[in-house]
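Each of the next two complexes has subunit A plus one other chain: subunit B in the first, subunit C in the second.
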Partner chain A sequence: MTETLKQRIHKAVINPRLQENYRRATASALVKNRIRFETPALFEDLRQQAHDIRAHVVDNLHEYIDQAEAAMKRNGMAVYRAATDEDARRIIHDILKERNIRDIVKAKSMLTEEIELNPYLEARDIFISETDLGEYIIQLAGEKPSHITAPAIHKSAAEIGALFEEKLGIPYTEDEHLLTEAARNTLRERFLEAGAGLSGGNFILADSGSLVLVENEGNIRLSVTLPRIHIAVVGMEKLLPDRDSLALMMELLSYSATGQKFPGYMNLIRRPEKGKEIHVILVDNGRSRLHEDAEMRVLLHCIRCGACLNSCPVYQHVGGHSYGWAYPGPIGALLTPLMRGRPEDDELPFMSTLCGQCSAACPVKIPLHHLLLRLRHRRKKNLLLWNAGMKLFKWGATSPTVYRGAMKIVRILQVLLPGEGLPLPVWSRTKYFPKFAKKTDPGRRADA
Partner chain B sequence: MHKRPDIRLPDVEEDLTVLFMQEATALNAEIIPCSRETLQKVLNDAGVDLSTAVADADAAAILNDSRVSTYSPGLTHARMDQYTAGISCPDAGIAKTGTLVELSEQDGDRRISLLPDTHVAILPGSKLLPDLQAWLKRNGDLNQATFISGPSRTADIEKRIVIGAHGPKRLIILLLG
Partner chain C sequence: MVAEFFPAAGEASCRILEYLGHEVVIPEQQTCCGQPAYNSGYTRESTQIAEYWLERFAGADAVVAPSGSCISMVRNHYDALPLNGSSQRELHRLQERGIWELSEFLVQQLGVDCLPSTFRGKVAYHQSCHLRNELGVLDAPQRLLKNISGLEWAELQDADRCCGFGGTFSIKFAELSTVMAQAKADRVMESGAEVLTGADISCLMNIEGILKKRGKDIRVLHLAEILAEGL
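Take a look at the complex of A and B:
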């Protein structure tokens, strides 16, 4: 039986080791991301341009998909469109089956998590090696990624050391260099022999039909260079008009993901080499529905950098697994209910303090916390009662007399109400009610 | 379809050589300014064993050393994996990010800068460009291009940086004056 959202969150916040792992990992990312703010005006200028480009692509999405598909076909790539996750899985399996390939190396791709590709292929006797170090670690552990760009962020070196000792037969170590070397040696053999390499895709340049893949480890280079077949699974919204747009996005992508100026490797792939095949699968799986939603369409601007995860105080505490799907953090709290839409996903937009750190970090200026609030509104079943409650609060919170009166009543009730275990007395004892200032200070207005 | 919005990227104002060296060094690449005459000595001092190295045709011609194997498309992946160093002549260097650009033809030569533990790039200073946009504007048609910034790396274990993940562990850039 799968755990509920509340059970997952509870498990994460009571686990001190997990809390320490997340704290360390997101703090490190935040420190690096501070580089951005050395030139805040430039960052603002670039992300406004990036927003405009992504908005332009999403507004003209179907034209750009047609253009990209035609260009990639001209370049000798095979292009497929998958309407659903099931279609995408079947297309990939068919490509492998027709060529009798049972052995693939796989680069990190959140989309393959979204379409739950690995269990599908494994059930059909395809042997998959995850090759990104983080993905490899969690594949060995039989777990799921907990972060978009750092999938094993939830595991400590000690846990990884014990895992490698058990699965790879190396002596126990917490030294990240020795652990990395062990993974490198094991996976190098797999790269040399694999029948196909499977990757995601960061961008497709629509005018020239070029596929762009960025990474640091070299596992994507190996996956797309050595095997004869390269299969790329790409969200249909991951398009850019042309090369200048790519130059712009590359000013922002690595900064936002890892605090780097540029990725260790960027692969720009336009034509397959002689005797080789490139298959590109453009996946819809709910994106068209999102595209028709005028208010939420802006979520298709996302370039999957993970900046909103690192900056989110809720993500830092509940961790990636709590969200229950491929995309955690603020972006996941929006995409999961809108794209997957199971009843239990309705709670996800409430996993936010609405502090706005996510929106401030987003390199394509998605107003994430505003959208979270909007989605809460949509999901509120009893809007009448909710609105009446908010009106009552507004009346009380904007009138010093009513506010002070209400606080007095609460203090009296606190004493009168019976003991431990009941929500209101416990809650109100730990809350601090701010006092009204004598005079409005114009410099401290919240909306200034 | 509407025209896409205009794009304005910041100009690179620094000296290209100084900037390239500074950025590539920050990425743990070893940059050695040298001349054609001193190439062998520099490689020797850097601990590169030319007798177990493979070079692309351009690099082999510049090195002109009988110990070095010249790349051929027929080399198997397993054979390529046994070389300790791959020597290439990149298409360009990008100063702003300390990046090398390797163009690929149709014969799997991307493996030279990928499979051996050490990648040596021979780059004349005249091949430096200010930024990615400048390179993309210049190179209209291509099959595949690889942009290389430093040796391979990972931070997947507790966010601690390890140099030498799946790709080369060392990147040596010989900057020809």
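Take a look at the complex of A and C:
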């Protein structure tokens, strides 16, 4: 991606259709969520419990990984640990190559976006069919997902209608049912032809070694049960102790993601059927580094529900693609610089008004906006103009003489300026800026 | 901000507190809480400003300000700074005594949610993010406003959505900040309000910046100015 962050933002905010698509889609998710948690005390209580469970797992992560791995192996699954994205890609490709599989179906997985799996496999002549409706749309359009749980959220029904007309040769329609039907018809055969099904994983239950896959469309259960091979790529932190903790998590995940009381399907996969194989790849790819970072470790609590995206006023305007990596929104503005860490990612923690809606919405109580703030303090200060500005600001704000002098000078200068407001650089291009009040005296009654 | 651009909000706050029988002291030589430096990631600069601020407010019985954002900086974020020993002690003393946003102080601390204000007009209220999400003040300003007998309430859609100011965010990401402020201004205009109010000057200045640029004559007043009318 050669565009800069500012260019991506510009492209998004001048596109009124995109603005409308995001506004409509995120508003509906928010409204549903609010209906559910209309008693803030209930939400607070549930998410505190969820936070405690996630904190317990993450604080004892290595023990839980060992326990889960042993349980899955006992169940007859093959378990791999991938230290990097490159390792994960290679392990998956090796499994396919050894079995001479050239044709796979894929259920929705953000982790495969993180490790950039699709281009890697496609370059090695593996034919991939995305089977989640949103992912399918994105794949047809040659784009990337713009949301963790709703990958095609940036597209309207009209755009999808035009896309399907062009790529699938069906008559143009905006009817969601007809569009879904068209996708379903093409995908049916694919499930039967594919040599392997690839999925992510919402959770792994450490005690029983069960893989939990949550969905609404039924495509995941087809993807992972019809082909002979099932490959699951799962972040190594996505563990829960047992079924009891899963019940609580499901309630929060489901409501936070889509406002549903329970998802359409919840698959618990424990052991391969006779003659079939299940391969589970636990991916690190920077998670160990996060785990060692005392201040940022709490990010591993994330269950990828997307609530922080839906509640974020910045996300709603810039959209998912502006963030430049697999994870957009507040969680992406944190994970991208911490896990991918390219120089251009340093700007992301600043792309927030710190309004705190994300932290208020997070079902596992990650203090997202405070972490954004903390990351800002870690960043190397290499912008000379800002450095000088902040030095001046500090100088004025800690010396009453300098402060009063500066204010006096500004007041004298502004008399000379025509018009109502002050012509401030940057600001005044789009917004009026008030002039300094004629008279002010903060010490007015100090001795009264 | 209050002193330099909107002294009326500060004066109104004093009037309300004095009406309720409190002695108001405005520490001389106070400047800024340092939030712009802190939010931009400048640890050293914000620490020095915080230490200066704590010296100015040393010994106060309680601190009240007509701004949720400044109060949140002192109450919630000074702790994260490497302050010197005496500043830390003063901070903890003040945290125990109480560091309050004005409406929070009136409603939650004094139990006053109705003032005999005489304000007339149709008013829309913008919920400032830091007041709600940092200080947990959910409805104190709304209660105070709705209890003014001559005040007509204009329902503001998405009242809890950020106006896009975000301090230095509005300079670093000026284009994005502008579309966010424009969306907020659209909702204010749709509400049919004659007056827009809120508990934070910075948000109000930001939204007013769009309204004035559009030539709309919707008055923008701080909550304190409305409450102090007629006291």
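What to note about this one:
To be clear about the criterion, the second predicted complex is superposed on the first by the 381 of 448 C-alpha atoms of A that agree within 3 Å, B and C clash if a C-alpha of one lies under 4 Å from a C-alpha of the other, contacts with A are read in each partner's own complex, and residues count from 1 in each chain.
Operating definition for what follows: a contact is a pair of C-beta atoms (placed from the backbone, for glycine too) under 8 Å apart; a residue touches a chain by one contact, two chains touch by 3 or more.
No experiment lies behind these values; they were computed from the predicted model shown.
Shared-chain residue A:Arg184: touches subunit B; no touch with subunit C.
Of the two partner chains placed around the shared chain by superposition, subunit C is the only one that A:Trp386 touches, whereas subunit B remains out of contact.
In the superposed model, A:Ala397 makes contact with subunit C only, not with subunit B. By the touch criterion stated above, A:Glu20 is placed in contact with neither subunit B nor subunit C. Contacts of A:Glu86 after superposition on the shared chain: neither subunit B nor subunit C is touched. In the overlay built on the shared chain, the residue A:Asp94 is in contact with neither subunit B nor subunit C.
Of the two partner chains, neither subunit B nor subunit C is touched by A:Glu44. In the overlay built on the shared chain, the residue A:His10 is in contact with subunit C alone; subunit B does not reach it. Listing the residues of subunit B that touch subunit A in their complex gives 1-2, 4-5, 7-10, 23, 27, 77-78, 81, 96-99, 104, 106-108, 110-111, 114, 131-133, 136-137, 142-150, 152-160, 162, 164-168.
Those residues of subunit A lying in contact with subunit C across their complex are 6, 9-10, 13, 19, 313-314, 317-318, 350-357, 359-360, 369, 373-374, 376-379, 381, 386, 390-391, 393-394, 396-398, 400, 403, 407, 420-421, 426-427, 429-434, 436-437, 439-446, 448.
Here subunit A touches subunit B in the complex through residues 21, 24-25, 28-29, 42, 46, 49, 52-53, 56, 59-60, 63-64, 131-134, 137, 150-153, 156-157, 160, 176-177, 179-181, 184, 187-188, 191-192, 216-219, 221-222, 225-226, 241-248, 250-251, 258, 261-271, 273-274, going by the rule given at the top.
Across the complex, subunit C meets subunit A through its residues 3-7, 10, 14, 24-32, 34, 36-43, 45, 48-49, 52, 77, 80, 129-130, 132-134, 160-162, 164-167, 169-181, 183, 205-206, 208-210, 212-213.
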